[in-house]
Amino acid sequence: MSAQELFGILPLLILSAGIVILLLQVSFWRGHLGALATTTITLVLAMTSCFWVAGSLSGATSSIQVTGLLQVDYTALFFCLILLLTAFAISIMGYNYLRLRCDPKGISGSYPEEYYILLLLAMLGACTLIFSSHFATFFLGLELISLSLYPMLGFSLTGDLSPKREKLQSLESAIKYLILSALSTALGLFGIALIYSASGALDFVGIASRITELSQTSTLFATGVTLLLISIAFKLSLVPFHIWTPDVYQGAPTPTTALIATVGKGAVIGFLLRFFNILDLYSSQVLLDMLSIAAIASMLVGNLLALMQTNIKRLLAYSSIGHIGYLIVAFIIGKSTFGTEAVIYYLVAYIITTLGSFAVIGLVADSVEEKVLKGEYPESPLSDVQNPYQRAFYRGLLWRSPWLAGCFAAMLLSLAGIPLTIGFIGKFYVFTAGVEGQMWVLLAGVVIGSALGLFYYLRLLLTMVQRDNVPDINNTGAVQIATSGQLLLLILTTALLVFGIFPQILINWINAL
Amino acid sequence: MQGLLAWVPLLPLIGFLILVAIPLFHRSEPPQKFVACIGVGSVGLAALLTMIVAFTLFWKTPSELVNISLWQWMLVDNLQVGFNFHIDWLTIVMLLIITGVGFLIHLYSVGYMRDDMDFRRYFAYLNLFVCAMLILVLADNLVLLYLGWEGVGLCSYLLIGFWYKEPANGTAAQKAFIVTRIGDTAMAIGLFLLFYEFSTLNIQQLISVIDGQEVNTEIITLACLLLLGGAVGKSAQLPLQTWLPDAMAGPTPVSALIHAATMVTAGVYLIARMHPLYMLSEVAMNAVAFVGATTLLISGFSAIAQSDIKRVLAYSTISQIGYMFLALGVGAWSGAIFHLMTHAFFKALLFLSAGSVILSLHHEQNIFSMGGLYRKIPLTFICFTIGCACLAALPFTSGFYSKDHILLSAWEYHQGVNILWLAGILGALVTGVYSFRLLFLVFLGKEGTASTHCKDANTPVMSIPLCILAALALFGGLLAPPLQAVFGVRPDEDHSAWIEGVAIAMPLIGLAIAWRLFLHEQKSGEQRSPLMQFWFSGWGFDWLYGHLLVRPFKYLSQINHNDIIDSLYKGTAAVSRQMNALLSASQNGQVRWYLTSFAVGSILFLALLVAL
Amino acid sequence: MPIETAPGLEAGIMLSSILFCLGLAGLMMRRNVIFMLMCVEICTNAAALMFVVAGAHWGNVDGQVMFVFVVTLAAAEVAIALALVLQFYHRKHTVDIDQLNELRG
Amino acid sequence: MTLLAIIIILFTGGIIAWLSERYFKAGGRWISLITLLLTAMLLTNYFTFIHSTGVGTAEPWWDSLQISWIPRFGIDFHLAIDGLSFLMLALTLAMGIFGVLMTWNDISFRRGFFYFNYLWTLAGVVGVFTAIDLFLFFFFWEVMLIPMLFLIAVWGYEQRIYAAIKFFIFTQASSLLMLIAIVGLVYIHYTNTGQLTFNYNALLNARLPPGIAYWLMLGFFVAFIVKLPALPFHTWLPDAHTQAPTAGSILLAAILLKTGAYGLLRFNLPLFPESSIEFAPVAMTIGAISIIYGAMLAFAQRDMKRLVAYSSVSHMGFVLLGLYALDTIAIQGAVMQMIAHGLSTAALFALVGALQHRLHTRDMQQLGGLWGRLPKLSAIALFFAVASLGLPGLGNFVAEFTVLVGSFRTNHWMTALAAIGLIGAALYALLMMQKVFFGKLNKRLEKPIREHEATDLNIRESCALLTLAALLVFIGLHPQPIFNIAEQTVQRSTTKIEAVLNIQKFSPEKISSQTHPTRLEHTSIEDTTP
């Protein structure tokens, strides 16, 4: 392992170091803000190192092969950067979430710091997954994400101020995800084993070189890839492997939901792009057809499921199923540089928007939780109007908290793919990709899905502008969210609008890869 | 000098605008005198102007055409429509009738409408009508003519429904507008056809185009029939005659001006104006003649059965216009116009007299409650008698000359006894019957229930027009309009005396029948024999159209008033909701079910792998 | 490259497939969470077995390395899982997975 | 630059109106009025071009502005104006001012935000009418929808959410088809020439394979006729109109519907001449059926706003008929109809809104006999009712007449069918007059009238409405300026189509079903004016 190789995996090293430091720090000195600081510093350093590594990649060495296991290139670094930024946002959301739920001075003394360790671990897994060029690292990365996600999903259990209902739901989501994810991992492993038995190699380049010698239609190989794809489809919650998504999203602490919806999917997409490209799986029509079918099913089923949903977290879960379906449309022509660009752009759009939506939901719920703690609000909501996760709660929000509602409206419009937002440019990419690949059936799916999607996005949006039973002008019904949360929303909304109106900025960044 | 004619339609328009704009500057209603000055004065000035121009033109060579170009209206591709007036003797005759009779009726209205709240609105509408009617006859192209055509239709609508508080009036007004619109639509299609074929809608150009070349007779026939559709609608001829009797809901002077003297004869004018076109098509000519002949008989018989004084006159108007159509159909162009003119005089006279009767009887219109009025309102009686005499074409009245002309032309046209002529003759008999029936029932005989309250309502502003019109009706026959330049000269033929004799005899027989039947009829207007009931209802046309067109249309639009197409989308939405419910049921929260779905999904994918 | 197609490969695939299916079936049928975790283990181990078989077939050690990986991760997974099951039992006094159905719709 | 300035002023005006809400409760309407007047003044800059346009000038645009926007896709921020755009902009701004004036006191809830949405809708529409980069066009096409959505959803009547969502889904779903078509067009052009551009001028010369061109054309067509709206995509309109606040209805009817027609003329016909010719009979049939069907449904309504809304369907059917007659006269007529319908229907909606504001009902069963109490309002309503039934001398007649004259040359039967719509127009217009204004005063109305809630039109409203009336009379009697301004744009569409038709004439197997018998040459006779 040369110095250059070590340099190449600098982001991973920094993350690992951060984890170790945080572990030590926590064992000596418990402190919520301190943990947050270490986490954010680690993330920032890792991001910086990404730029640094990218800077050294210029010219002849467009990628660094780190032993046989990892490969560092521009695309991977870009993904890494995006995911680290996401993690940054999630750590802020997490801070606001945990602040209200964990009371170290309480009777049982619940501590929030482990959440950050788990977050960094998940990020380490995600980055490993993106850099992986070998099934061992793929498996390692994937499992790192999953293993740290299980406790994160169930993290409400440790907060002794969390409402009882929230704890139970959190537990339920963790167990559900654990069992299903374990099965999917097993299936994926089985697939890898089949690929290995067909090709005799575990590194992607090796497999690629072997399968050209093998007959293309080796059943063993194809079955292996299919099983692996199923496992990945599970992580992406593509139909028909989507069924866990709403339950897990709903039950999990909102920052974790955001994590699973963004990093969990982004890393897998990043890996999938590399995997398909190296193995040249784009030439396999069967796989593409399979993906297309899954994509169409996802677009339709996801949006149909969301149609009458009143719980916002479930609604976003269903909508994310649809969105991954759109993403796959771009992914199918991912072989061309344009396809890659489209996938990345859509992913960035998806991440910004999803993050923003969950941030809004999480922060609104936190503000309610704060009131509960002060005794101003009933702990167990009697009606939907009092439940911050229900649509009815958002009634007339625009008149109560215009800025918050404005941000949420921007997120929703972006999800619906309306111009001036990044979601529109993303959808434009999908359409362009679809036209370029002449995939008319898929495009029809996108159109129908979008039309269905409009209904529930708009219904939510218009709920926020309802004028009946709006409290008086003196902002009694205003939702007060934390300053850090406001800042986060502001940044996300700005990014959403800037990249929506001047997409060239982001395109340039992507194409600088 | 002729350029002044452009002012003729403009003056009533200015009057209209002033009357309409008053509320913008003035909170309360202006005094009646002011309104009357504007309303009557503008038309009076227009009449004066027309007479001066006509007088000067009379001494010039008759063939001289005058065009007045105001501005280019539409110029798109080869569609060239100018806002231009074309003036020949036909126009001038029409102008004289419209402004002259119009002025008299305006004047009469000042008296008739003196107690009405909406005095100003009335004169505004009336002025607008005169303007539109003038544009109709002045237009040098069919589009501008159509403008006037629709304009008079609108004013007719407004004036029929003038007393808007009574819903029946509104219904009558709507009926009038919509029925004529059906005709107008046919006419519009006719215009499209003409433009398609000849690339121009200018009347003179059209005429010169068809003069010069071989033309497709079928197209011409079709175009003529479509134009006839418009004429039929506006002139209340079969099959679109049903609106006119109902149109009597308007104030009586309106009926005199619009539904007797001017607007309803626009169809006659149109066909006369387009006569070179019609002459090319035998079919169209026959159609016009038969429409006229049938109408004049049907409505003549209907007039016999009516009990409302104005409805009698309305049916008689339809019948008289039928005569004009008959004349047009047999090529007696100038005869038609001549009858148009005399009809304008005597029918206006009749309506205005009827108006006096109605006003004197406090808006009683049922002739069976009248009777014996000759003593109470003698001037009206005299005028009405003159009118009836003209209508029935008693010898030496103006009606006699014009109707005689028509009957002779019908005779000539087929060189002998023919169905058209017979219809005309029979019509003359019927005319005699119903006109004198009316006279006897209203003015002679026993006093009816309403007659007892009779109080002469004539004021000088009403009497003077009545007298002038009476004079015109009596002596108008001497004023044969100089239309040779327009229609060409027809050689006079000698007719055997018996034809003339029949023509003279028929009205007299009618008079006798009326004398015999109606002078001492019991006042039992309510009980009618089935035949009379059939005639009373206008030969059941209203019933027929009601069941054939109106009701099905209303039914169709009512059952579809929620828009059946929308249910398509509502259905889609419902299906989506159903599928949502179905899919939501799959999210049942059971881990083992989730595991099963995962397994099934995997198997599906593997099956896909095998299948693809 | 395989020197020759070892006869053991097919048999190994069959065996591990059957194992996997057994695990899957158990997963779908058992209601006790502990048993379900065991079934997941069976599935994972089926895959691990497959690695070993393939490694033997190709004559390289990658398969065995992967096996170690898999076993390690399975252990980690079970550790977390058991912690969660403990919480589950603590709160619901049961380990019946069917009791876990609050989230749905 | 002026175009950009207009758009920017509208956008910033909207923001200022919103912000001013905090300080002046009534600030929004003044700011919007000033903003609109300012933009209208800017637009007058282009008056100089009106007279200098000659047919056949090499440069079709009066003014254009091109700034690189997304070079990755060859997308520019490209605005340009020609005669058609100018007319549409003038209509947009005029109706914008009209809307503000007519609803001066209507809005009491969040006025600033209301006018923000109002101005942003207008800005979006101005963008639509001037964008000639296809992507930019689509961008504005969508941008104008969202503020409109808010206008309906926040300030609308009882069923506003339903109506707003319906409106949005219809337009949005159809516009996605257009997006696919745009991308497809650009992609084909790109594969043919290697030049990636969304520029309208460049794409005009794209050579498209006939089969694909047909589908692309349909993509555009559907998006545009949803907006128009024509059968069978019209059902959003009655709901949206009925539920929208008065100002929203005015914007929808007068301007937003025109974007569909504009799109057909600007994009569909010149971009896909062959397919348009092939498709013309179908489109004309849709147009004719819309005319009749719209009129029939208008007749069946009880709600006054729904009646006017369905009448819009009927009127816009004329536009569709005229455009797809592919005949200069008919297309000119369609342009005229866009303007005339904008004026007359906006006024009708304003009147219904005024009634609703005064009497709190739009149900014609609960109205009646208003003439006696509200004579000015009734008289003006009468004027616009007869305008909408196509009375000659008013703008609508000129439009409908030219449309029908022109389309008769290409398709007799459809034109004859459409002409029957004229009867339908009379039916519903007079029905409305009869039920609302004539007859006896409805008993239910006695209370509001007695309590002086229902006053007649005031000076502001009268002036606004009379100005529209005067405009309608003006274009009814002297439409030539509008024909002249639009001529160049129309010519550009028709020359392309005629060129295609000429080619088809020489290949006998492709002769379309329409026959063009030789017509007599136009002979001009000098008028002798004494």
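Letters A, B, C and D name the chains as they come in the text, with residue numbers starting at 1 for each one.
Here is the rule we use: contacts are C-beta pairs under 8 Å (C-beta built on N, C-alpha and C of every residue); 3 or more make two chains touch, one makes a residue touch a chain.
Keep in mind that what you see is a predicted model, and the values were worked out from it rather than measured.
Across A-C and A-D, it is A-C that has more C-beta pairs touching. Of all chains, the one whose CA centroid is most distant from that of chain D is C. The most central chain, judged by the distance from its Cα centroid to the centroid of all protein Cα atoms shown, is D.
Chain centres here are Cα averages; for chain A and chain C they lie 26 Å apart. Between chain A and chain D the centroid-to-centroid distance comes to 44 Å (mean Cα coordinates, whole Å).
Taking the mean of the C-alpha atoms as each chain's centre, chain A and chain B sit 77 Å apart.
Centre-to-centre spacing of chain C and chain D amounts to 65 Å, using the average Cα coordinate of each chain. Multi-chain contact residues of chain C (touching two or more other chains) are listed as 24, 27, 97, 100-105. Contact with two or more other chains is made by residues 175-176, 179, 183, 187, 246-247, 309, 455 of chain A. A complete list of chain pairs in contact reads A-B, A-C, A-D, B-C, B-D. If you check the complex, the residues on chain D that touch chain A are 69-73, 109-110, 135, 138-139, 142-143, 145-146, 149-150, 153-154, 161, 164-165, 168-169, 172-173, 176-177, 179-180, 183-184, 187. On the side of chain C, the complex with chain A involves touching residues 1-2, 9, 12-13, 16, 20, 23-24, 27, 33, 36-37, 40, 43-44, 46-48, 50-51, 53-55, 57-58, 60, 62-63, 65-66, 69-70, 73, 76-77, 80-81, 83-85, 87-88, 91, 97, 100-105.
Interface residues of chain B, counted against chain A in their complex, comprise 576-577, 579-581, 583-584, 586-587, 589, 591, 594-595, 597-598, 600-602, 604-606, 608-609, 612. Contact residues on chain D toward chain B in their complex (touch as defined above): 166, 231-232, 234-235, 238, 296-297, 299-302, 327-329, 332-333, 369, 371-372, 375-376, 379, 382, 386, 391-393, 397-398, 401-402, 404-406, 408-409, 412, 415-416, 419-420, 422-423, 426-427, 430-431, 434, 437-440, 462, 466, 477-480, 483, 487, 519-525, 527-530.
Contact residues on chain A toward chain C in their complex (touch as defined above): 135-136, 139-140, 143, 146-147, 150-151, 154, 157, 167-169, 171-176, 178-179, 182-183, 185-187, 189-190, 192-194, 196-197, 200-202, 210, 220, 246-247, 250-251, 309, 311, 314.
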